[in-house]
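Just so it is clear, A, B, C and D label the chains in written order, and each chain counts residues from 1 on its own.
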Amino acid sequence: MMAQTRRKERLDRGIRVRTDGLYALMSWRELSYLTLPRVVLIFGVLALPFVMPSMYWQRVISIVCIYSFLAISFDLLAHFVGLVSLGGAFFVGVGSYLAAILNTSLGLPVALTIPISTVLGATICTALLLPCLPLRGVYFAIVTLMYPLALARVIEALNILGGTDGIMGVASFPSRWVEQYFMIGALLLFLFAIRRLVNLDLGLVLRAVKDNDQAVRASGMNVTFYKAIAVFIASAMGCLAGASLVHIYMWAGISQFALDFSILPIAATVIGGAGTLTGPLLGCFILVPISELLRAFGTLRIVFYSLILVGFIVFRSEGIMVYAQRKYHQFERWVKV
Amino acid sequence: MEIFIYGFINSISLALIALGFALVYGISRIPNFAHGALYVVCGFITWSFVRSLELNYPLSIILAMISTGIIGGLIYLFILIRVRGMAISEIIASYAIGLAILEGLRWRGFKGMTYTLPTFKEGSLMLAGTPVDYHRLIVVGVGVCIVAFLWIFTHHTKVGLGLRAMAQDERAALMLGIDSDRMAVVAMGFGSMLAGLAAVLLLPLGNIVVEAGYNVLLLAIAVCIVGGLGSWVGAVMAAFLIGFAQILTVVYIGPHFQMVVALLAIILTLILRPSGLFGRQKELEERV
Amino acid sequence: MKRKPLLMVFALILGAALFFPLQSAFAEKPIVIGCPLSTAFVYGWDAQRAITLAVEEINGKGGVNVGGEKTPFKVEVIDTRDLEPGVPVSEALLVVEKLILEKNADFIMGGPVRSEAALAAMDLLSKYKEVSILTTGVLTPKYHARVAANYDKYKYCFRITGEAKWMVGGEIIPCLLEIGKEYGLNRLFIMIQDVAHARAGGGIIAKVMAKKGWHVIGQPEVYPTGSSDFSMGLLKARREKADVILIWMDMPQTSILLKQWYDMKIAALPFGSIIAAAEQPGFWKATEGKGEYCLANVVNAGNAPSNATPWTMKFVEAYKKRWGLEPEGYGTSSSYMAPYVLKEAIERAGSLDSEKVVAALEKTDMVGVYGRIRFDPKSHQVIPSLDPEKGAVGTIFQWQAGRRVVVFPKSIAMGKIKLPPWMRK
Amino acid sequence: MTREPILEVKELTKAFGGIMALHRVSFNVYEGEIVGIIGPNGSGKTTLINCITGFIKLSSGKVLFRGKDITGKAAHKIADMGITRTFQIMRPYYTLPAYKNLVIPLFSPRARRTGGWRGGGKLGDRNTVGIDILEEIGFERDSFVPYKLASTLPTGYLKRLELARCLALRPEIIFCDEVFSGLSMSEIASMVPLIERLQMDGITLVMIEHRLRELFRVANRVMVLNFGEKLMEGSAEEIMASEEVKEAYFGSEEVEEVMSHA
């Protein structure tokens, strides 16, 4: 039998065999193997505004970034801290109203309103959510689902902040490019910041809170305080999304508390792959453009992505990103024996 | 006097809306966020039976409720059964199904304001100085019978006791030979029929609109949480609490706070006493 | 040989995104009218039907001659879903942008239906210098006030349908006074929806009617959108012996209110300044006649059969022939007129350039379905009046025995206002 | 042992609805001693610990730590004072490797103040300190064990991980809730010297146990609980001799067997 001159060898064999999990990079090939997905992601996203055919699709990219912020904040809270918050709209609403008020009444420029309303919005959201932090599972989900609706009704009933008409004439971004690159830049910044955070000691404590909060309490740490930190980070991202949405559309009103801001990010996270942080981003980059393409079909669009969501949840596929990661580590190449 | 009568009517209609949700959660621990969609679907099915197929009214009501029950059972069988136990996936899956049904109805053409159901009986009578129309009295009558029927059903019939056993502790019930999935299908079907019944009773007062689905879900959740998730007795009590609270706010504070009452009720209950009036949520009380 | 699933996924998205928009640019060059309408609601689909009817008629007669060359209109309608609760206004604005940028609409018509969306869209329209004629839904006087205040920024925005301030001052109050004189009624009870234009309108009516000697009972009762229980309000009206209940709600739950009013036999005349549920021809069958005697305002004539101008009945017949039922919501006749006004303006301007068309539109003067159509040069709002010869005429009709009978203004009335039998003093 | 007691529990009662889980239990614990708590199942041993360490709110009674009243304080505040506990049902962080499990307690305010076990926490990064602590309590240093996921460790190692979590806070008192249960004879044999060394390091230990032979060898004093009431308190010999204890354990061979060998 002719001796086999070639055999298949796993690409990451060299890397994985040396240590369990701690990568020791020995050659350019291994370095490129590890960094390629990240590089593709960064340059792919950065190149998007140039690739988009018409100005309309560039606006869709900003909307995708907004939903991605919300998806990452949902993923951080749900997968890493165990707090499932269905209240993405609450963060967006608070962020957008703050940015609108800062811009119209105080006349602050866009460059100032967004950072201020992000931090201020995050403090307000955390303060308002503080009493429900001890709740768990279904209860926390239902409360956070109710917060945006309640706030919208209160604004409508008291006729404050412009009542149902909302606040108009908010300044927009200086130019389209600034708007897009600010959004994409902030998105990538937050994405890699959160991925770093999750492996820091603070990130470990947050994951421990999800794993077993009684044990964390037994080691002398106030669980609610750490949950509040997690909610602060997540709501900061939500408020940033809300603030930039206001400056894109030069308008803020109670419909910023709409349910779409809560449901679509969750769908994106489930499809993209919960727990990988880039998964939800990928989910948004798939879901939002498709829902734009389907816009001509009217409400069928919502039927479409709610059925996708059900399909992914029920068949419990782990999401595209997790699948891609698993497959990426199984690439083989022919090697001389 | 008026406050008492219309407060009572409002409470009974809230109880009818919430019973289906409370029953499903009580028995199979599934928060059925498609409750509002089932309510609206039953309304439109009844409408199509009555208006396009010209069946007589009581027959079409029964047929509509049965078909809604079947839809509820199918939702459980094909979708929720796979996500049993994972609380959050249940919420998202059932809400997505509800959304799909509602938007599907709207896309199918059930839009606009001309879809209505005839009332059971025309005219009204004076009750201690306040005019009350017959239909609302029928609603109250049926509501009270349903509550009584549920009491008898869960306390004195085999299936009812089986359902209650499963509500207390699913694994223990499993051990005693109660097939929890079959019970859950029964519970889901029964809960959807209750949602259908509420639809058939309350929709003739106005018109059938897809938006009602979202409001009904909101009210059902508010009542069930204040009453304690899982105990339908609590749900009935909470329905009266919120029903009268709404009427009182309309009269004394102003009608535009009406919707805020239900939402604030949820948030306050969950913060102060998560297990609600009658609930005894194991995972919330002390357990170390 | 290396397969990169990540790359493949990205390629898939970009490919899909590239393919779709290019495909539409190659069609031959008609004048594209973009209609961002909430097609799931009566104000949306009735405007869509009216515009399609008008465009079919215009194209039938050879289309628009732009500087000698005959070009047809092409209608692009996209659902904005902006009347649905829980949908962000940014969706509607995204639709407007999609019409302008991707479908390369030359003109926007019908406009976002909800007031907030229309106001927010003004900034977008001025950014892209897109001429837009608003024909349905938006009543708020803020719209043309902003055009007047900031003329050169918002000069591209026109509105061909009536607006709240004139509707209240010029039509509702005179009609109420007329009813008061005729039947000796003067106790008014106001129930409005918790929406900005309703609050504003209700407030003005309460103030003016009080000055005119009417007794306004308490504050206007404000009901949040989606509330389904009006018993307390109706009982208060009954207790306070109100003669007229003014209703300003565009939510579907108003039919609950009317059914309950009928069942309770409340001795008061329901006067719908805005009552979406009661405007449609299907309302009578839906409430099995319980909506009788209810007055409803449909902002422009032609939405209910009357003979304001020779064109009105022609339009009502054409609409009934094309769509199988009489004109529905209050956006129908104004949406039908908009393509005609635009065609006439383009022909006068001789080109599609926004500046020229704006100038031509400001000089519009043609007799339309609901009276003489002229735009106020400063605020681009159609000039209203009570007489069809002088301006756009509104209509208030009453449901009498299954038919919508126009009762106000007198110049085009087809019948007199009747009181419910249980109200005979 | 006439010194000031480090921990005093006075008239502690706890009722769940109607059931009286603990009925006026009082006892003192002195610095550096090992107190055993024994009693048949359901006698309220774990509830006693939960009440003292603040995991459950007690119905009435007082708990003093070095004279300061800590009744009803939040669990994390009590742990911050140095009163730590292990759980009867072990609670490691299953998704994290063993040495990362210790990073969390080392992150706590007490560990930062006191620098954690052997004072290493303040200076070095928490991973190395974590591995030092693990080595202290029996995880082989340069083997694979500290890097394995907590979910893959056998019970013996998980019990030690619980102890390690308490050690990371440089505790003054450790409540050990059935540390020996579920271990094989060899594991217990290696655990006893560890407990003795903790005592030598000046840590007071309160141990709830069912394996009386090892407990009696280690404990200075033993308290017996029965149906939520304190039956007896005294040295190991007094407990063995007393009749009431035998009754409480009537029929349990273990006491007989211990009696015959003692």
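Simple rule for what comes next: a contact is a pair of C-beta atoms (placed from the backbone, for glycine too) under 8 Å apart; a residue touches a chain by one contact, two chains touch by 3 or more.
In this text, all values refer to a predicted model and were calculated from it rather than measured experimentally.
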>> Please tell me whether B-C or A-D has the greater number of C-beta pairs in contact.
In response: B-C
> Taking each chain's centre as the mean of its Cα atoms, which chain lies farthest from subunit B?
Replying inline: D
> Any idea how many Å lie between the Cα centroids of subunit C and subunit D?
Replying inline: 75
> Between subunit B and subunit C, what is the gap in Å from one C-alpha centre to the other?
Replying inline: 36
>> Suppose each chain is reduced to the average of its Cα coordinates; what separation in Å results between subunit A and subunit D?
In response: 43
> Could you state the distance in Å from the CA-based centre of subunit B to that of subunit D?
Replying inline: 50
> For subunit D, what residues touch not just one other chain but two or more?
Replying inline: 55, 87
> Using the touch rule from the top of the page, what residues of subunit C touch 2 or more other chains?
Replying inline: 40, 86, 194, 224
> Residues of subunit A touching 2+ other chains?
Replying inline: 153, 156-157, 214, 298-299
> Which part of subunit C faces subunit B closely enough to touch in the complex?
Replying inline: 40-42, 45, 84-86, 194, 219, 221-224, 226-229, 231-233, 235, 238, 252-253, 255-256, 259-260, 263-266, 276-277, 280, 282-283, 285-288
> Which of the residues in subunit B come into contact with subunit C in the complex?
Replying inline: 2-3, 6, 9-10, 106, 111-116, 118-119, 122-124, 130-131, 133, 135, 202, 205-207, 209-212, 214-215, 246-247, 250-251, 254-256, 258-260
> Taking the complex as given, what residues does subunit D use to touch subunit A?
Replying inline: 53, 55, 74-76, 79-80, 84-85, 87, 91-96, 100, 103-105, 107-111, 126, 144, 147, 165, 168-169
> For the complex, which residues does subunit C have touching subunit A?
Replying inline: 1-7, 9-10, 13-14, 16-18, 20-22, 39-40, 78-79, 81, 86-91, 93-95, 97-98, 100-102, 115-116, 119-120, 123-124, 127, 140, 142, 194-196, 199, 224-225
> Where on subunit A is subunit C touching in the complex?
Replying inline: 36-37, 40-41, 44, 51-57, 59-60, 63, 153, 156-157, 159, 163-166, 168-169, 172, 245, 248-251, 253, 255-256, 258-261, 282, 285-286, 289-290, 292-293, 295-296, 298-299, 320, 323-324, 327-328, 331, 333
